[in-house]
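Read through the structure below, which is laid out as structure tokens, and then see the notes.
Labels A, B, C and D are assigned to the chains in the order they are written; within every chain, residues are numbered from 1.
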């Protein structure tokens, strides 16, 4: 619940920038809809400090608290080979030591000096900690972005044309791939989406839960693979 | 040459706003008409002259020979059947009734296999109907029950109901609601506000349930009625009750399913029940452009709308006994004159087996499925294209069709008059 | 009788139990319902308790454009809730189908076709504040003097 | 043991204790910059239907012909509050959050145009598209009344046995025809480009 409060701070910033919390309708072909004002950027930086402080404390709770750390260490272990064989992606894979992050190849992230967060334990604790560490990493990335944001036009124009494209991006849960086919006026004719949860849930069902002995640990193991039910229920 | 305001002789809508471009006695372009009307106007495969079956082959004959053959056939027959009449103009239908009386035959029109049950129901409980213009200008709720106007009457929606601007309605296009009741999701259902999908044969139950709801007895309704949930029925009933003016249009989905004319009777009683709360009307979606006219002509000349038997010398009407299908199925008739319809494509197999055994004369501009059964086919002018005549729209409004081009073909009325005159002469002799 | 009714009114207005059912949503409205639980909005300060057992719920939050698989299950859930009960549609999807209300999508909105809906909270997704105020305003309307109204 | 000490230290922080006893939840208000449902401003609507065309949600906005001129109406059960209509409106009739201020400041705009396509093999020529088209209804009231038009100014018309598109440039992209075509024969393509206004225009 307290983590959700931190999330509210993040959503506040999102709302200040785009005007709505979740369905932001912010990006358009060739640019974005609204510019980031200096005062908004300053407020955002200030909030980042707050978020970082709170997250440090929460991370401390996780790392040292016996209720969470001891209960999740060594449970639901998925080793590197299994993770690769199950085609896991995102934090679930990275917690098992797999080098798997599309941001490594993305030019913008390269410029920002992105490095992958990797842990090798492959248990529930590692999966949680990878996510925590990625939050700090993201905070750093946002700071760097705001510092290096150039002035200038925010819209370059641009149209969707006929074509077929398949693009994978790194979503919070892992690699998210869209294959879109459009006709000559940019209308979508055919679309296929591969969500990360599909592989992660499979991996959870087949390799993580295998060694779990207590029924109470099943839930935590399942949650630690961060499944998105809506993504699978398409 | 462009003929403006021509009347489309295809479906019961009788669109009277067609522009036809004529060049060298050929229709080259049709504006405003739907796909069905355009195809009829542009129809090219017309027969050149009357044909007579000669063994396994067709022989070309003259009009005089063909008319003589038909007159002889009818005169020598014990119980001739004069069937069709929905695809021809009212004047020819008049002659047809005279002929039937002359030869003491049975005259029946296509409504006995389409909207006959509607007529039976109307005879029982009356017809709370109105013209299409009233619906267009006043109705804010239109129900299509068992009919698919997009395929059968394509311009019905855009000219009279869904999309038309109403004189007494503001924002008619947005405010007018359309409910489609059918057993499958038809194309009309795609653009309806509410689609009620019922199980085949469940019309009567759904209509009764709606009547109960309108009477305030919602609690007696089970959870689903013929595949429709109670909530949806209540919603539909409320839509009907809250409408200022509602119109029900029903098609063969209601008349020719289990329950037949009792379905229509129930629908009419639902409408009169609704009329206690608001104004409601009900009308049939008549198929052929002049099938309503054949009912009208028959009624004013004989007293009965279809299936009239003159064998007793006076008009006798008993649906189920004197209708074409029954007469053919019982192998009663021994000659048939088919005018402006295609029974071979629609009748049961048993009837067609008998139709193949008896001499048949057909009056039709185009070769069709019945051509295979007939001994003589006489090509005639198409009403609305190269012949004039009166036709009745589906709401009973007579509309004079126009002649858009002149050809050498004789019209239905001319052919039938000559036939009738020949028979009169022969009988006087 | 009226004293008993008053007690019932007081108790019911202080403890509204909420169950939520996701009938094919994109996760957006789910997360906003979840955000109601956060200390920022703190749904429990109003006496609203979220738990997903329809047997002990008063209010059913329906989220998502209805997928065909959910139709019968949704009805079952609705019937399991004891009277008095209300259903609140959260977001555009259960109201109109939102962006899924077009041809070719395997959804059958609106949810009103299947269960009676007492209140609708439009928005894609609605703000947690809107969800909260909707629950708070609709629940008393139904529950106040429920037994009296039944008669 | 170490962790118990950690937790004790955590929960007896002055900040935490203060929060625990005195914290108040936020009142149920939306911030001023929240993009709520678009509301009408004082400006007069010209009925250009740009808002309808850019709307990504089906049936969320309609420009209605009221007694005293045109007026856009938002249907809350459909609107996803993206604010595109506010941004696209050339007259500034609608307002939501601070979109109008921001676009004026950033000098951003949308430029849009439309293409119409009819698939003749699917089309029944029922005329639903021609009659339902709001632009057609405006140009030729006779069309809405009778289903036919003699005017050459309309966007499309049933002519020569097929739907003929006469004035594609007049299309406002509202997709009414597409939604009312039972056979999906007519398709509207909306071409929208996000651009910066020139200095002179702004």
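Observations on the model:
FYI, a contact is a pair of C-beta atoms (placed from the backbone, for glycine too) under 8 Å apart; a residue touches a chain by one contact, two chains touch by 3 or more.
On a predicted model such as this, the values are computed, not experimentally measured, just so you know.
Chain D has its Cα centroid nearest to the centroid of all protein Cα atoms in the structure. Looking at which of C-D and A-C shares more C-beta pairs in contact, the answer is the pair C-D.
The centroid of the Cα atoms in chain C and the matching centroid in chain D are 29 Å apart.
Distance between chain centres (mean CA atoms), chain A to chain D: 31 Å. Per-chain Cα centroids separate chain A from chain B by 65 Å.
For chain A, the set of residues touching two or more other chains reads 23. Counting only residues that touch two or more partner chains, chain C has 39-40, 103, 124, 127.
Counting partners per residue, chain D has 34, 80-81 as the residues that reach two or more other chains.
Contacts between chains, counted with the stated touch criterion, involve the pairs A-C, A-D, B-C, B-D, C-D. Of all the residues in chain B, the ones that touch chain C in their complex are 190, 229, 231-232, 235. Interface of chain C with chain D (complex): residues 39-42, 45, 92, 95-99, 101-103, 120, 122-124, 127, 129, 132-133. Note for the complex: chain D touches chain B at residues 62, 64-65, 123-128, 130-132, 137, 141, 144-148, 157-161, 179-183.
Within the complex formed with chain A, the residues of chain D that make contact are 2-4, 6-7, 10, 31, 33-35, 80-84, 87, 96-99, 102-103, 105-106, 108, 115, 187, 189-191, 193-196. The residues of chain D lying in touch with chain C in their complex are 23, 25-26, 28-30, 34, 56-59, 75-81, 184.
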